[in-house]
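Order of writing sets the labels: A, B, C, D and E. Residues in every chain begin at 1.
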Amino acid sequence: MTSSIEPPHVYTARASSEPILELRNVDFCYPAARRSAAEVLGGSRLHKINMIVRRGKAHGLIGESGSGKSTIAKLLLGLTAPQSGQIFFDGELLRPDRLAAFRLRVQPVFQSPLDALDPITPIGKQIIAPLLVNFNMKSSECQARLAAAISAVGLSGEILGKLPHQISGGQAQRVNIARALILDPEVLICDEPVSALDMTVQAQILNLLSDLRESRGLSLLFISHDIRSVAYLCSEITVLKRGSIVESGSRDEVLLDPKTDYMKSLLEAVPNSGLGLETASPSKPFSRQIGRRDLPAEG
Amino acid sequence: MVCSEGGIMDQTSSHALEAPYARTLEHGSAGRPAIAAGSAPILSITGLTVVLAEQPETRLLDAVQFELRKGEFFALVGESGSGKSVLCSAIMGVASSELRCLGDIHIEGRRLSDVDRRQRAMIYQQPSLYLNPVRRIGFQLRETVQVIDGLSKKEASERAADLLRDVGINDPNETMRKYPHEMSGGMNQRVMIAMALAMKPKLLIADEPTSALDVTTQKQILDLLEQLRSAMAILFVTHDLGIALQRSDRIGVLYAGQLVEIGRADLTARTPLHPYTRALFSAVPPLSGRPRRLHSPAGSLPEPTQRQAGCNFASRCSGTLDICQHTRPALQGIAQQLVACHNLEA
Amino acid sequence: QDAGRTALRIAMQDLRVELDPLHPRATALVSFRVLESIYDKLFAIDYQRDGQIRPMLAESIEALDNTKYRVSLRKGVQFHDGEELTAEDVAFTFGAERMLAKDSPGYGVGQISFPSMSGVRATGRHTVEFSTKAPDPVFVKRLTSYGAGIVSKSAYLKAATFDQWARAPIAAGPYRVVEAVENRYIRLEAHEGYWGGRPPLKGIEFRMVREPAARVAGLRAGDFDIITTVAPDQFDILAADNRLDVVGGDTMSFRTLVYDSTTNEVLRDPRMRRAMNLAIDRQTVVNSIWRKRISVPPSHQHLAYGALYNPDRPIPRYNPEEAKRLLAEAGYKGAAIPFKTVGNYYTAELIETQAIAAMWRAVGLNVDIQMKENWAQVEDRLGRGVNNSSDGTYYPDPTASFVSRWGSQSNFQRGGYWRNDRFNVLETTLLTAQDPAQRRAAYQEMLDIFDEIDPPGTVLHSLGEFFGKRANIKWTPTPTGLMDFRPGAINV
Amino acid sequence: MSTARAREWTWNIVRASKDRRDLRRPPQIGLYVAAIWIVGCLLIAALAQVISPYHPAEISLDARLSPPLFFGGTLDHLLGTDELGRDVLARLIYSIQISMLVAVGGTFISTLLGVSLGFLAAELGGLIDEGVMALVDMQAAVPFMMTALLVITIFGNSLALFVCLVGLHGWERHARIARGLALTARNRLHVTAARTYNASRVHIYARHILPACAPTIVVGMTLGLTETVLLESTLSFLGLGIQPPMSSLGNMVGFGRDYLMTAWWIALAPGLVIAATAIALMRISEALRQTESRSASFTFT
Amino acid sequence: MRRNTQKIFASKIARALVTLVLMVTSVFVLMRCAGDPVTVLLGPDATADMRAAYSGELGLDRPILAQYLAYLHNIVRGSLGVSYVYRQDALGVVLSHLPLTLILTCSALTLAAVTGVAGGIAAAVFPSSFIGRACTIGTVVGLCVPSFFLAIVLMLAFSIQLNWLPTGGAEGWRSLVLPAITMAAASSAVLARYTRVAVREALDSRYVLAALARDIPFWRILIHHVLPNAAVPILTILGLLIGGAVTGSTVVETVFSWPGIGNLFVTSVGNRDVPVVQAIVLLAGTAMIMTNLAVDLGYTWLDPRSKSSET
C-alpha cells in the first residue's frame, strides 16, 4: 500500500466532469412496508430524490441508519425499480433491457465484505466469476485480467486458493473490489464499504478507493454514515434524512458551511472532531510533538 | 490542561492516578469527579490469559493485567478481533465455555467466583442476543429491578420507567410494552444499558454500547455515564477513538490479545508510544481539512491461531528489531504510560 | 333363573351386523356362525348324531308331487318377540315380498339356496305349501340351508327398511339380538320362550378381534371363551395350556384353486391344468401346515353326500414326473402364470399359496404370486391365472357347492374362468333327476371332467375350521364350520 | 452458603451445553458403531445375492419353524426358519436389501421432489408459490397413512410404485425447508452480488443457493431416511408395503407376529434390525446436525 | 397489524377450503379408479345377481360423473352420502367411531405431553445426570422402535405373560392402557426430542446468560425465559400430533383391535366404502387444518416476533 502522498486532484477534475449516474425525482417504497408504521414516519420511503454522480468524481452519501442510503444503492444497481422517476446512466434511461449491459459498467462494493463472498468457493474463482458468466470465458483465459485485478487492489496471488473464512475482513473487501474491477466498470457503488472494518483496515480501503479513482478515472458513489470517511474521500456530498435529501453540495459547502440544523447537529455530535489531524503526518517512531491543530486552508 | 502528577507507572507500582485531571485537549475539565486515590481497586486483573479449551496453545488473551478504581472511566480500544469482548466476558464470568480463563480477576479484592454477581454488570455488544425475544421489555427490566431491589411489582415498574427515562427513552411506559424485535438496535442498546444500571454495579462493563446508536443519542448516553461514574468503575470498550479521547481517564490499547499500551487518555493520544497505537490514531480520517493519504500499517491483525512467539505487531511494524521476532515485549513504564514494545528509546 | 348359565364371549375375525341371512352382506362364514344362533329353520341336519335331516320348526314334510311339498309346522313356537310362529310367517319368509320376486331384497341370496322354488303359500295356520319350477331332488335339504331361517312377518313389516330389519331381526332361534355394533360386537341373549328348551347360555357376545394373535392371547388371558379361525400354527400354544383346547377340523367345504382357462392363453390347454394338479403335494401341505388335522377328500365329494359319494375315487394324485411330462407335451415355454391372492382370507392362505407356488416352480412352472388388496382385483380378468377359492357346502349335496360354484350359473363360468358344455348338461341331471342312480352317474362324470378331462381348478383339501376354547366348555363345531349353541349342543 | 452453591449449580447447568459436547467424546464411539452398522447394512444390501446362505424363497415344509442356533437350532439355519421352512437369515439379508432400496430410493425421490418444488416456489413466487404451498398444505393435512392406504389398495403393489409412494412422504417438509432456505439465501449478499454481475438464475441456484442449503438438506435427508425406514416397515407390517414373495423387514415382522408365541425369532430379528438401523441413522443425523450448526456459525458470524 | 393478521387468516382459510375440495376429489377419483366397490363389498362368494342388485341399490350403476356431481351436491347440502356398508349417513358412522378414537388419542396425547415435555426438560436441564441420560436414551428408543413392534412386545409382556391387561377391544379402561401407552410412546419421544433441543437451545442462548448474570434465580429463568422460548417448537409438534389424532392411531387401533376411526378407515378402504372414506379424509383434513390454524394463532400469542414477520 504505497503510492504518492499527493492529494487527489479533486478540483481539476471538476470542470470536465459530466453526469454519469443521475436520479431524477425518484420515489420508492418497499412493498411490504407500505402499510406499516415506517411509512407514516417516512422511514422506508424515498421521496423525490434528485442526485447526480459525475464522471471521475467521488460522490458521498451520508445519513443516519435507515434513512434509505442502501435503498438508493439498490436502485442504482438495478436490483429494484423505482415507483416513479427515472434513473439515467451516461445520459440513457435505465430500462430492464439495458440492465445487463449496464451492469457491466456499474459494479457494487457492499458493506459486509465476508457476506458478499460465497463461503464455499475459492477466492480466485469468485473474482473471475463475472467474466465466466458474462463472456463465457474459460478460467485459463481470465488469468491475465485476474492478475491485473488483484494487483490493482494490492493483494498477492496466494490468496486466490483460499476460502473467504480464511482471510481477513480487509482482504475480503479488497477481493470484493477486485471482483468489481475485473469487469472494468466505470462506476463503483460502494455501500458502506468500510463500516464493518476496523480503523487501520478502513484506512487501507479508503486509500485504495481514492487511488483507484485517480488511476482509473472511476466514478464513485460512496455511501457511509461515517462523516469522517466521506469527508476524506468525496468531493461532493449528499445528506439524506428519512428518505429525503436535506442537503447536497460540494464537500466544503456541506462540511464547513452546513445549511440545515440537521447537518449541524450531526457535525457537532462527532466526538473529538479535531482528531485525525494531530497525528496525521507521517512521523518518526518517537516524535512526541503534538500535531498542528489549525485547519489547512481550502485550496 | 493540567496534568495530574502520576507516578512512574510500571507493573510494580499500581497506577497512582490521583486527583482531578483534565481528560482531553479539547474538553474542559469541569465536573469530572475524583478518582478515589489510594483506595483499593474495584477491579484488578493479573495475568489473565484466555485460551481455547480445545487448543490450549491458542491464546485469545495473553497475560492481561490492569486495575480499575472507583470513579474511573477506562477506555479499551483495539482492532476488531483483538479480544476486547473476550476480556469483558471473562470479567463478567460469562465467557463461552469453549474458552478457558487462567489468571486472577479480583473484584474489590475478592476472587471472581466468590463475588456477588450484583457487583458487576455488563452492557453487551449485541443487545438483541442478550434480550429475551419473547418477553416484553418491561417484564425483563422489572424482573431485574425486583430481584435486585426486592421491590413490589408496582414499585418495580416505576423504577424501571425511571431507568428508561435515564437512558433517554422518552415514553418508557410505551417502550415497556414492546418486545425487543419491535425496537431498533439503538433502543435495545439503551434498554441493555438501563438494565445494567438497574443492578447498581460497582463495576460497569460496556462493550461498544454506543456503536448502534446515532451520534446524538450516543452523546446522551455518554453524558449519562458521566453522571454515574462517581459511584462505579467503568470499563468502556470502543472503536471510536474520539470517544476514548474525549471521555476516558485512561486508554488501554489491546492488540492481538495483549495490552500493548495503557496510559492517560490525553497523553496516549498525543504521544502514542506503541507503533500500533500510533497507527491507530493516524488512521482516523480527519473531519475537515484537505484530504491526504491516511496512514495505515499494511497487513492485518494475526488470527489467534497464527500468533508467533515474537511481538504480534512485528509483521506490520516499520521499526522492527531482531528481538521483536522472537521475544514478546512486556508492558513497561515509560514516563506516565505503560507500553509493550522493544523499540523504545526512552 | 339364570343360575348355572353363563354368557359366552366369542372372538371372531370379522363381524357383520346385517343379521338377515338373505342380506347380501351376510353371505360369509362369519355371518353364518352368528345367524345359526338367531334363526331356526324348518328342517335341520343333525350333525351331532347321524347326519340325517330332522324337523325343526316343521313337524313333517310330504311331497304332493314332483314339484309340490306340504309342510306342517310345529305348534306353539314363539318368536323372539313372543308372537307365535304361523304358516303366514313361513310363507312370508320365502315369499315374493322378501325373496322370490326379482325386486325383493332377498332375491339375490335366495337364488343361491332356492333356485328352484317357484311359490309358497300358507294353506292353514300350521301348513305351508311349496312349489318348485322343476323337480328338485334336494328340495328338503335346501330347507336346511342357511337362507332358510324363518322370520316374523309382523316384525319384518314393522321395520322401515330391509337394512334396519337386518340389524335387529326377529326370528325363532334360541338367542335373540340385543345389540349389534359394527366392527365391535354383536350381543345375543337367551330366548327364554325357545321351543326347543331352555337355551344353555345366558347370552353370547361375539366380539370382533381381527388379529389372530390377539384372539389367541385373549383366549389365554381369559378375555374370551371361544375364538374362531385358529391358525394351525397356534395349535401348540393352545394345546400347551391345559385350560384350553382346540376343536374343529375337516368341514364339508373345500379349499380349492381355480384356473382361468379362457382368458389366460397358457392355461387354455387342459394338459397344463392337469399338470398343475399333479404337481401339488397336497398330503405334505396337510401334514406340515395343517398338522394333519384335516384331510384331502377324494375329489369334490364328501361322505355326507350319501349315495352320491364314491369311495373308490382316489384322492388327487401327486406325480411331479407326469406333471413335467404333460408340461412338455403341452409345449409350455415358461410363460409366467399369475397367482393372485388377497393374503389371509382363508386360514393359512398365504403360506399355502407360497408352498404351492414353490411346488409348481419345482416342476418348471413359472408362477408369479401377486398380492392383491381385495377380491375385485383378484377377480379382475386382466392378468388372471390362478386364484384361491373355497366351496362352501351348506347342505350335504353336490348341488350345494359343486354345482353352485362350478356350474353354468356359477361365478366361475359366468365370470369367464372356464366353460364346459358337457359339464353343464350333466349339471341339469344332477339338479333335477329324481333317480339317485342317475344323479350319481352324472355327478361322477362331472367329477371326471373336474379332475382329469378339463380341470377348471382343483380341490386342495377340505376347508379346515378350528376353534380355540376353554377346556371346561363341552362343545364341538358342526362339519359345516358353524357354531351351534342350541340345547344339547353345548355344556359349560 | 447454600445460595452460593445453588448459584454455582445453576451456572453449571447453563454452561454445561458445550462442555457436554466435549464430554460426549466417548459416545463418539456410538457414532462409529452407527456408521459401521449403516455401512454394513448397505454392504449386505449390495451383496445380498452373494452372501445369503439360501435363496429366500426356498421352501422346505419339513423344516418349518426350527429355532435359531443356541435356542435348540442347528448350524444349518443360524437364525432358524419361518413358517414355510425358509431360512430367516437369508430372508433377513434380502429384506435388508429391499428395505434399504425402498428407504434410499424413497428418501431420494422425496428430497429431489421437495427441493426442486421448494426452489421453484421461492424463485418464481406468485401463483406458483401459492400452488406449491397449497400442495404442501394438502400433503400435510392428509395423514400419510391415509394416502398410503388409498394408493396401495387402489393401484396394487409393486416395488416401483411403493418406492414412489414412500418418496411422496416428507417431500413437503423438504419443500418447506428448501423454500425457506432459498428465500433467505437469495437475499444473502453474495447472491445479490452475483446478480449484479449478470449471473443467471440457474447459475445462482446451482452455484450459490444449493451449496448454501446443502448441509441442512442433507441433515433433513438423513432424518428422512430414518423415517422412511420406519415408514416402510410400518406400511409393510400393515400389509400395505412390500408383499410376498418379496420380503422386507417390516413385512417379516408383520407376518412373524402371528408366530410370536411359537416362533418369536421370525419377528424379533427383523424388528431389532429396524430399531437398530433407525437408531443408527438418528445418531448420524444428530451428529451431522451438530457439525452443520457449527459450520454454519463459523461462516455466518 | 391486526388487520394484517386477519387477512392472513382469511387467506389461510380460503386455501384450506381449496385443499379440502382437492382432497375430496382426489379421494373420489382414487377410490373409483380401480375395482368395483360391490365386488369388494360382497366378497368372493356373492353371485353376479347379488352384485347387480346391490350395485343398483347403491346407485353405483350411474355414470361416474353423475355420481361425482351428486356427491358434491350432497356435500354442499351438508350430507356426505350414505355408507355402502353401514347403510347410514357416512358422517354419522364416522362420528359414532370418533369417541373411541378421541378417548384413545386424548389419553395417549395427555400421557405423551406430560412425559414428553417433562422428559425433554429433564434431559435438557440435567444432560449428564442419570435422569437426563435416561430421558435421552428413552427418546431415541421411542423414536426408533416402530409402534407395531412395541405393541407386540407390550402385549406379550402384559397380556400374555402377566395377564394383567386385555390384548384388544374397547371394553373398559383396562383395554385402554396398552394402546394408549403404545401410542404415547412415539408421540412422547417426538415431543421429548423437540423439547430437549428447544430447551437446550434456549438455555444456551445469551439472554439466559445475561439473566443469570443479573442474578435472577434459575427456576425463574427456566419458567419465565426458557420455556416461553421453547414453547413454539413444542406447540408445533403438539399441533401436528393433535391434528393427526383422527387417524394417527391407525396402527395402534389395528393391532389392538380398537374400533375407532383408524380401524374404520382401514376397513372402509378395504371395503371401498367411498362415503365413509371421504368423510374420514374430510374430518382428518379439517382437524389438521383447524389445529394448524390454532397453532398459528398460538404462535402469534407465544412468539411476538411472528406477528410482524412478513408472509
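Everything that follows uses one rule, which is that contacts are C-beta pairs under 8 Å (C-beta built on N, C-alpha and C of every residue); 3 or more make two chains touch, one makes a residue touch a chain.
In this text, all values refer to a predicted model and were calculated from it rather than measured experimentally.
Novice: Can you tell me the least number of steps between chain A and chain B, where a step is a move to a chain it touches?
Specialist: 1
Novice: If you apply the touch rule, which chains end up adjacent to both chain A and chain E?
Specialist: Chains that touch both chain A and chain E, as defined above, are B, D.
Novice: How far is the middle of chain C from the middle of chain E, if each middle is the mean of its Cα atoms, in Å?
Specialist: Taking the average C-alpha coordinate of chain C and of chain E, the gap between them is 41 Å.
Novice: State, to the nearest whole Å, the distance from the C-alpha centre of chain C to the C-alpha centre of chain D.
Specialist: 47
Novice: With chain centres taken as the means of their Cα atoms, state the distance from chain A to chain C in Å.
Specialist: 92
Novice: If you average the CA atoms of chain B and of chain C, how many Å lie between those two points?
Specialist: 94
Novice: Can you pull out the residues of chain C that are in contact with at least two other chains?
Specialist: 211, 213, 217, 373-374, 377
Novice: Among all residues of chain B, which ones touch two or more of the remaining chains?
Specialist: Touching at least two other chains: 117.
Novice: Multi-chain contacts only, two chains or more: what residues does chain E have there?
Specialist: Within chain E, the residues that touch at least two other chains are 34-35, 152, 160, 209, 212, 217, 254, 270.
Novice: Quick one: in the complex, what on chain A touches chain B?
Specialist: Per the touch definition, chain A meets chain B at residues 1, 3, 5, 7-8, 10, 64-66, 168-171, 197-204, 206-207, 210, 225, 227-229, 231-233, 255-256, 265-267, 269-280, 282-283, 285-286, 288, 290, 295-296, 298-299.
Novice: For chain D, which residues are in contact with chain E within the complex?
Specialist: On the chain D side, the touching residues are 6, 9-11, 13-14, 16-18, 20, 23, 130, 133-134, 137-138, 140-143, 145-146, 149-151, 153-156, 226, 230, 233-234, 237-238, 250, 253-254, 257, 260-261, 267, 271, 274-275, 278-279, 282-283.
Novice: Okay, in this complex, where on chain E does chain B touch?
Specialist: Counting only chain E, the residues touching chain B are 205-207, 209-217, 220, 224-225, 228-229, 302-305, 308.
Novice: Where on chain D does chain A make contact in their complex?
Specialist: Touch list, chain D to chain A: 188-190, 192-200, 203, 207-208, 211-212, 298-299.
Novice: Would you mind writing out the residues of chain B in touch with chain E in their complex?
Specialist: Those residues of chain B that touch chain E are 92-94, 116-118, 121-122, 124, 126, 129-135, 139-140, 143-144, 147-148, 179, 181-182, 195, 199.
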